[in-house]
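Right, I'll just put the structure down here and ask away after.
Just so it is clear, A, B and C label the chains in written order, and each chain counts residues from 1 on its own.
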């Protein structure tokens, strides 16, 4: 352990901790551009210089380890002057693009200028003219005039994806980031470069010009698109009052989670958010010989409970079949287990999930739902239904999976469902299955509800509702807990249900999730 | 001066050939050392001789060698810095051209002392023709059994490879040199770690300048005490001064450390030509702060020049006459450093370019009252904040030129508008 | 192997690679070989070297663009690199550079219309006691005067039809 003072505060730290890290722990955010905790220090931006008593030169906090007896000043007059000087130099060749730059509002140069600058730059020469709209990837646009040559993008592609597409060409003021010939950055992690870029040099073609960052509310959630369960942030525009249809998700960015995804997410997860607003089931629809009638949840629930009670009275609970999906949360699967495996002990519980894809060797798993591990830990064996057997063995079919149309031919489903008296579809999306069931009940995607998911490595992450679901959509956990309660099930998860109380019960019975 | 070392015998014809060099006693020191001395003894002698690096930084060679860990499971390397990019400097070129075997002998001794079996001579790309002749000398040494397996018949082996650079002053900085040798752009590395522990290919490495190594055979041949006597306390030996600019006899002059600049210019380099008067002198290459005509009694050694606010650097003396506008010196300096900036770190990449842009505009006739002040401000922004010493090399000379010749430079500048 | 890379270059490249414990260190020497042979370094050559050394072509492009002596475009038959640094400037280099430029009808950075000469203004060549100095085709020529330049360039075909 070493003893140092940091801005007068005495601290005791482990050997090898950098001044930067030590300061961060104390809530002191030293300005930096090239440094990123995922990479070894680069030392080229020179923004993070600090003063060490007794040292004639200012030292880099990102790469200098604390030593016993060090007296560190992170904001002395010398340090502040140095920051101002480095800023003035950076701004000397930086175009005044703020009015048209996507990064405005989350740009380091803006932030540091506000904190340390607000001076009138003295550069009055002609600036270097460079390419401003170089498309370097499917969704990546490089503006070389804005680039501060922090090389984070280059280093990310070298160290994290190992694809090393970008390089730094030429030297001195002519240095520029670029690609070889017609190559592009087209790996599954390209979108991270946009987050990494401290300024607006690399911008996202998907996000470009769609919203100002200060209109967006950042909400935490979990990516539902594969078994990794990367921690994400949704940037949601709350909508302008009196302007219809302006409330939407504008982009998805990673949220740091060292146990799951580190600092990154893959492009597949990053760019898939349109699904939240497209083709949603939003009303409870009673399919009535071709015409759709809208019902309320109360009415639908009454019907459903009656039907199941009728089956129970006739001693035919074995003819209740349920199709779930591992896209459901732990809470929902737990309730499903409680009701359908412990309470009602029906015929069968099946799972229909999207088809596995290819794992990409980094974050993206082959499985394309977020909770396969959770489902397994809850004791489900994830068996997909055989349509003929389903048809012969079922009088009531409850479908909680929206994936039937992509795994089974509609004609096959139609044939099968003709043999089933009552079919209820709990789904987020309209699909070809809608015409084959009796009642369509709209439920929620992960960002629209609270709960928990367990990823491929067994890490359980809890998430809270990030956005309101559309129309009458209801989280599956609420549907299931209401259903269970009406069917006479006991326990806090049915009697006083909330995502928290259900999780509490879950952990009591399955400590694995705790 | 009769106690020349490095340049002794330079008048001999074909000294570059191994035969002539041997006949004059060449390779004797190395042969004796490899047969009769321990490596630690060779290192000790060099340390005792207080041989400071002759490239520019002046770091004591024996101390640098001592930083290499004694035993390690990685190979050790010796890189010869023959990049000689400091404007005004040509002494290493002269050594390699006139007496390449002296350098090779120095390489053998240094490698023996440190435990190196593989040495690379990093020679700047512009010296391509010279590199060919250097390779011939290396081949001669191999053929004579002075390189390769069983050097001088001992069980010491040493390979020497000539590696041609490709036009980048920054590759004279030792970590940039390593990067370049490894096949990458010459971008200096963060230190620590230092090359002595993590150098070429991640292995312990010593980097020495050509002239530094050329002194080693003389130290071993004549002893550390003799070497110390040629120089100053704490600073042994002679220096090879490259003298150019407005002098009658430009060339390389080997003189004791501590010789005055006046003596060097007037007694050795013949003074200025007819009709030219001295205005200024750059004492240690373009990276060194300029001296006025009134400052030339300064002694040419590390400490004296440092005290005078300048530096010995590569001991390259550029003499400037009174018919040369000092603005030309400013322009050459600004242009050079902007061109050679590697671009890696913010202050140098942007500072050198800004200064060049202002100076370029001034040279095209448009001058503003704030120009000198702005240049100074940009130079100060670079000073002490860059990743490698080139930031100071770019900043300090500019500050000195402006500070010492403000009157002349300020002529013709439009007055700044009242603020 | 790409069409314009001779077997001889490959042989020389392999000999160079043998002198280094890591292949990539042979990159500078091999680029020199290629430029000597082909006059410049083309994207095809960059790909070839990259494949030979097991690195990505973008790494080769970084090298080619970082170092002043490498060319990506062909130059004239003779490349004149005239020092424009201080010691040479003190001895009249700017005037000589202008003289050459006027003689060949080009500015520094350009190639003469007949393709015979490329003129480049470069930094210190390390030949300051022979100022003013220039390299022509990597050979040094010092203490230059207009007359010497006339003789040198004339011998290389300047002014011929």
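Just so it is clear, contacts are C-beta pairs under 8 Å (C-beta built on N, C-alpha and C of every residue); 3 or more make two chains touch, one makes a residue touch a chain.
Since this is a predicted model, take the numbers as computed values, not measurements.
Enquirer: Touch graph across the chains, line, ring, star, complete or other?
Expert: Shape = complete; every chain linked to every other.
Enquirer: Between A-B and A-C, which chain pair is linked by more C-beta pairs in contact?
Expert: Counting C-beta pairs in contact for A-B and A-C gives the edge to A-B.
Enquirer: What is the chain whose Cα centroid lies farthest from the Cα centroid of chain B?
Expert: A
Enquirer: Report, in whole Å, the distance between the mean C-alpha point of chain B and the mean C-alpha point of chain C.
Expert: Inter-chain centre distance comes to 24 Å.
Enquirer: Could you please state the distance in Å, as a whole number, between where the Cα atoms of chain A are centred and where those of chain B are centred?
Expert: 56
Enquirer: Per the centroid of Cα atoms for each chain, what is the distance between chain A and chain C, given in Å?
Expert: Going by mean C-alpha positions, chain A sits 53 Å from chain C.
Enquirer: I need the residues of chain C touching at least two other chains; which ones are they?
Expert: Chain C, residues with two or more chain partners: 59, 62, 66.
Enquirer: Which chain A residues touch at least two other chains?
Expert: If we look for residues of chain A contacting two or more partner chains, we find 168, 170-171.
Enquirer: Where does chain B touch two or more other chains at once, residue-wise?
Expert: 168, 185, 339-340, 342
Enquirer: What residues of chain A sit close enough to touch chain C in their complex?
Expert: 164-171, 178-181, 183
Enquirer: Under the definition above, what is the set of chain A residues touching chain B in their complex?
Expert: Contacts found on chain A: 41-47, 49, 56-58, 60, 63, 82, 85-86, 88-90, 92-93, 122-126, 128, 148-149, 168, 170-175.
Enquirer: Across the complex, what residues on chain B touch chain A?
Expert: So the residues of chain B in touch with chain A come to 168, 170, 185, 190, 338-347, 349-354, 357-358, 361, 368, 370, 374, 377-378, 380-381, 384-387.
Enquirer: Taking the touch rule as given, give the residues of chain C at its contact with chain A in the complex, in rising order.
Expert: For this pair, the touching residues of chain C are 43, 46, 56-59, 61-62, 65-66.
Enquirer: What residues of chain C sit close enough to touch chain B in their complex?
Expert: Listed in rising order, the residues of chain C that touch chain B are 19-22, 24-29, 31-32, 53, 55, 59, 62-63, 66-70, 81, 84-87, 89-91, 122-131, 135, 138-140.
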